[in-house]
């Protein structure tokens, strides 16, 4: 968060670590005491061992590379399309009126059901996973950009127009900075969805990738493998999220203290 | 001094003393503005506005709070069209924002994500002025409004009066031909206000620039203007247009001591008083 | 273990038992011909005859279904015996108590465009072969078939394709050259002339090309030790119903059987269903018996697939099934 | 959209219908000319026939009832949890600092992989689908509420506090109305995701529901069935979206014309 | 009239003539406020502020734009604490917003989603006043500020001056004991302004209410106040505190014609002039 730098960061980290320790401790404890069945829940120690084993091998890096590649590519394309359509729709009420229900409805389409079409159109390589990530991310970014632009103060737009701003300048100097908070909020959500899209794509059909790893583990009742894969994914998302937040902080440096 | 009641034909205002052209520049023809709310109720902001502003004149608008002064400025700016009637500049009906206009809004409309410098530069950059030139001119204006040292502050780090002055610099920096100003100086202390008024006189005096100025301070209106327009209370109509017959260049702080000043003041004030006294608290 | 979801309700006058017992049975999809016993029993009233009120629940795949069995959400599940093996590797015991298909009933299909160049498995060298998932039955069978033909998985490219409908898209897109599939996908693909069968393990002849002796245990009814030990009666009735299905299928023509099935099982394309059922019918077990040799063949194939898997090497085939109910039902 | 009422609605509808006709016309045409393979793309006429056939039967209504029930329940619970956490986090920087990365990371978790756990925890009935919908919706609403509340003008909050507003009044009279635009924007996205959650849940395990219908059709290579099911879902979402928009218009009546 | 330079000990201000208590009510003890921006640069808003305000007094603050007047009010309100020093009310250090305070902000802070009526009612409802009673009192105040007929308008449907008046009603309606006002009347026409000033005198005069009032209009400051505080230019310090020795009740429009008025004005103005003239445009 933008405000975190003014908080006591060592304390924040302390609490984060404390909570993690408590959580994983309780989990391990519950498994050992037989309250949780390791068949379904594995155990932190086993997961840790598995992750270490993976990380000391080589294949996992290729899987990660593939999945992150799909995720970032899908994210970038989805964000681009979503943002552009969001801006255009917000500034063109007629277009929005005609097509906005379509977006809501397409957003609600279970993409899983379109698997075969994705394969026909995009093959079984990474493109079909990227496409899956794109269609998921696109809508989220679209809706937030659309709303963000509609919430921009009309007074500021008026001032910009008086000051001689072209349509593009209004976009660049008013709409975009004003909607930035919303766009970033949607980016933080979207990165997760991009990953989900890529993983769902890998579930659907894949030779590599962490999603494929998880799906295979699942097929073998290897809960440890499933959780280990999930944790690797989550760590990746966390890293990307930190990057997004740094960028946001840079871009919204003008904001006052909350 | 010419006094003209509303509805009389447009006066033949003499501006030759300052070497200005005489042609009607901004024409407001029987304009009214109605606001319709979501329930369909209609509220009349201003009505039957008929006003001709010559190129190079300095027109002040005074009237009770809520009579439609800002509404009129907004229509001249092209940001919002009249409900009936027509606003013309140089004979052409205004359909959109004009490139040669400045508008100092009553509200605070600085870009919060830009520094003082960024805000003041922006109209120049919008107009394609070279970055370093824009920078130079912006810094010059920041100094003129007394904000040297605050170039890199963001609006939220400034006081109310300082923000108003940034707005002023933002408008003056690109030297628009028509300047619309909505109560620009009311948040300033006396001295800063005087300095800003003199700055405005300087900008306007030298050239054919046209100013439409809204204020609640009749002294200020008289001190600055070639014409003072008095509005009736809401729904605003033009009650009278006065031509102020004082010589230019004027020193705003001194002009009050001109012998003619109190006379003009009394005349307009008696007219205005009727309006402002009439509203509310019934 | 479960037990909580077997509700006993009285239903007077039933021939087989005084009480109607409600059971949850997991399956993967309504249209799956390898689990047709469930639908036949439902359609022909075999469950009712046994005093069972069978609540059939459809899962995304056998994995979810077996997971629900382990957690006790359901009492019985239609699965491949491989699921019991994998569960055993994770220290869970699931046993097959009746057999549905005792041949692989998988077909190795090759893209029609390769009709002239691919005459035998050996010609698949370097080609892309689709399987449903890594470690899935289709993957294991593919590896075994390759091994039998003196090749290894390294000689080809294995591509996990996921669900059945993805296969058709993948062949259309030329993403794969061959694929190990079962019905109705294999029939559909052949029907659409996208592919031709290279090895068809639905019948005896085809199976013998790969498993010289004893067949191969594919689907059957799985349950937990808990059910076997504590709900003997319910398990018995389930198996009775399943064997009635098996016998009915063995003694009737495909057309007759399909005519009895409801529309939501058969799907829109009746003809396709009939063809794929007829195609699979030879693989369907006649008596519900799981043979030791068949399960050993499964383990054999697994060893070929994953030579490093120690657990499989020591696993006793006999511990993966329990034929007491099938035996009893013969009496 | 809030602004649509000031648009020429007959024209909007005309354009919507025109676009639909063009789209479905092109689709039908392409199938008839053999440019699209009906095995994968079915055809509008067939889909129409199938939907009519379903609607004249009875079972479909039960399926719709089940799916909509799961969706709305999941939506309601998810929105509630998401909104409350969003408000709390936005107003408690410390809590946010500690747990906000967790939310980002949990959001990114492919819920599909948790299928078995959902089945264990929530059983094979509708609760597991509702739970799936909840965990998807929750994060979307959380992130938008969180951001919405953080964007509320501090000046307005200050004024409310001076005027004697309690924490609850500030929430009720300032934060909530101010964040409303964002909350509604997320509701429009979420309703789609709630449905996706329910359908994914039905894919996972089900006896009834439109998602189950689609999954069965897919297993039988019945593309017409898949598309018909999807179209029914989309029509349902559209209806719900119209309701959400009406509510939004009511609640944001104070806004000026854009 | 008492004149006191900054740093001198607190004067024994006599307020007995209005029957007010004498105890120090609001104490500002060597307060300074520093703003740190994200880059870590420190900016001093006000510094070394030492001021005691008795219960029942009416203190005006004048000073150049940006000298820290609003900053001081914000600290008294409890919305933001001082960087050093302490602000006390009745001897207790202020840690949070006080329940008995009103604050008319310089900025426009009406709730945009509430009508005029809703805005004016809200402090009463926040305080648990019965809905119908709140309604009655709100309507009364809406009429007092001259906005009868606009009860159901939303803020964006009002003019600048009207919005300011709604804020006023919003503050006065719950009758706070301490009223902080930041340039409340600058956006109003002369008449409305006079009416509001008299209204304020009435509210304040009758009871022990305390007002701290920021304005740029020295005439207004003198006309209304018991004390006028002059700030230096930024970073603001208190330059002097003047006690205004004119009798109450005062009629704001007439008081200028009191013989003593010009004398007081000149005295304070000469002091203020130095400050306002000194800044900017160097």
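Quick notes on this one:
A, B, C, D and E label the chains in the order they appear, each numbered from 1.
The working rule: a contact is a pair of C-beta atoms (placed from the backbone, for glycine too) under 8 Å apart; a residue touches a chain by one contact, two chains touch by 3 or more.
Remember, predicted model here, so these are calculated numbers, not experimental data.
Shared contact partners of chain A and chain D comprise C. More C-beta pairs touch across the A-D interface than across any other pair of chains.
One simple way to say how far apart two chains are is to compare their mean CA positions; for chain B and chain C this gives 85 Å.
The distance from the centre of chain B to the centre of chain D, each centre being the mean of the chain's C-alpha atoms, comes to 50 Å.
Chain C and chain D have CA centres that are 37 Å apart.
Separating the CA-averaged centres of chain B and chain E is a span of 29 Å. Residues of chain D in contact with at least two other chains: 40, 116, 120, 203, 218, 256. Residue positions of chain E touching 2 or more other chains: 107, 157. In chain C, the residues touching two or more other chains are 63, 67, 71, 163, 165, 168-169, 172.
The chain pairs satisfying the stated touch condition come to A-B, A-C, A-D, B-E, C-D, D-E. Within the complex formed with chain A, the chain B residues making contact are 77, 79, 97, 99, 101-103, 105, 107, 109-115, 122-123, 125-127, 154, 156-157, 170, 174. The part of chain D that touches chain E in the complex is made up of residues 153, 155-156, 158-166, 169, 173-174, 177-178, 180, 252, 254-256. Here chain C touches chain A in the complex through residues 61, 63, 66-67, 70-71, 83, 86-87, 89-92, 133-136, 158-163, 165-166, 168-170, 172-173, 175-176, going by the rule given at the top.
Across the complex, chain A meets chain D through its residues 1, 3-4, 7, 11-12, 15-16, 19, 40-41, 93-94, 96-101, 104-113, 116-117, 120, 139-140, 143-144, 146-147, 150-151, 154, 181-182, 185-186, 188-189, 191-193, 195-196, 199-200, 203, 211, 214-215, 218, 223, 226, 229-230, 233-234, 237-238, 241-242, 256, 258. Chain contact summary for the complex, chain C toward chain D: residues 24, 26, 29-32, 55-60, 63-65, 67-68, 71, 73-74, 163-165, 168-169, 172, 184, 188, 192, 264, 267-269, 272-273.
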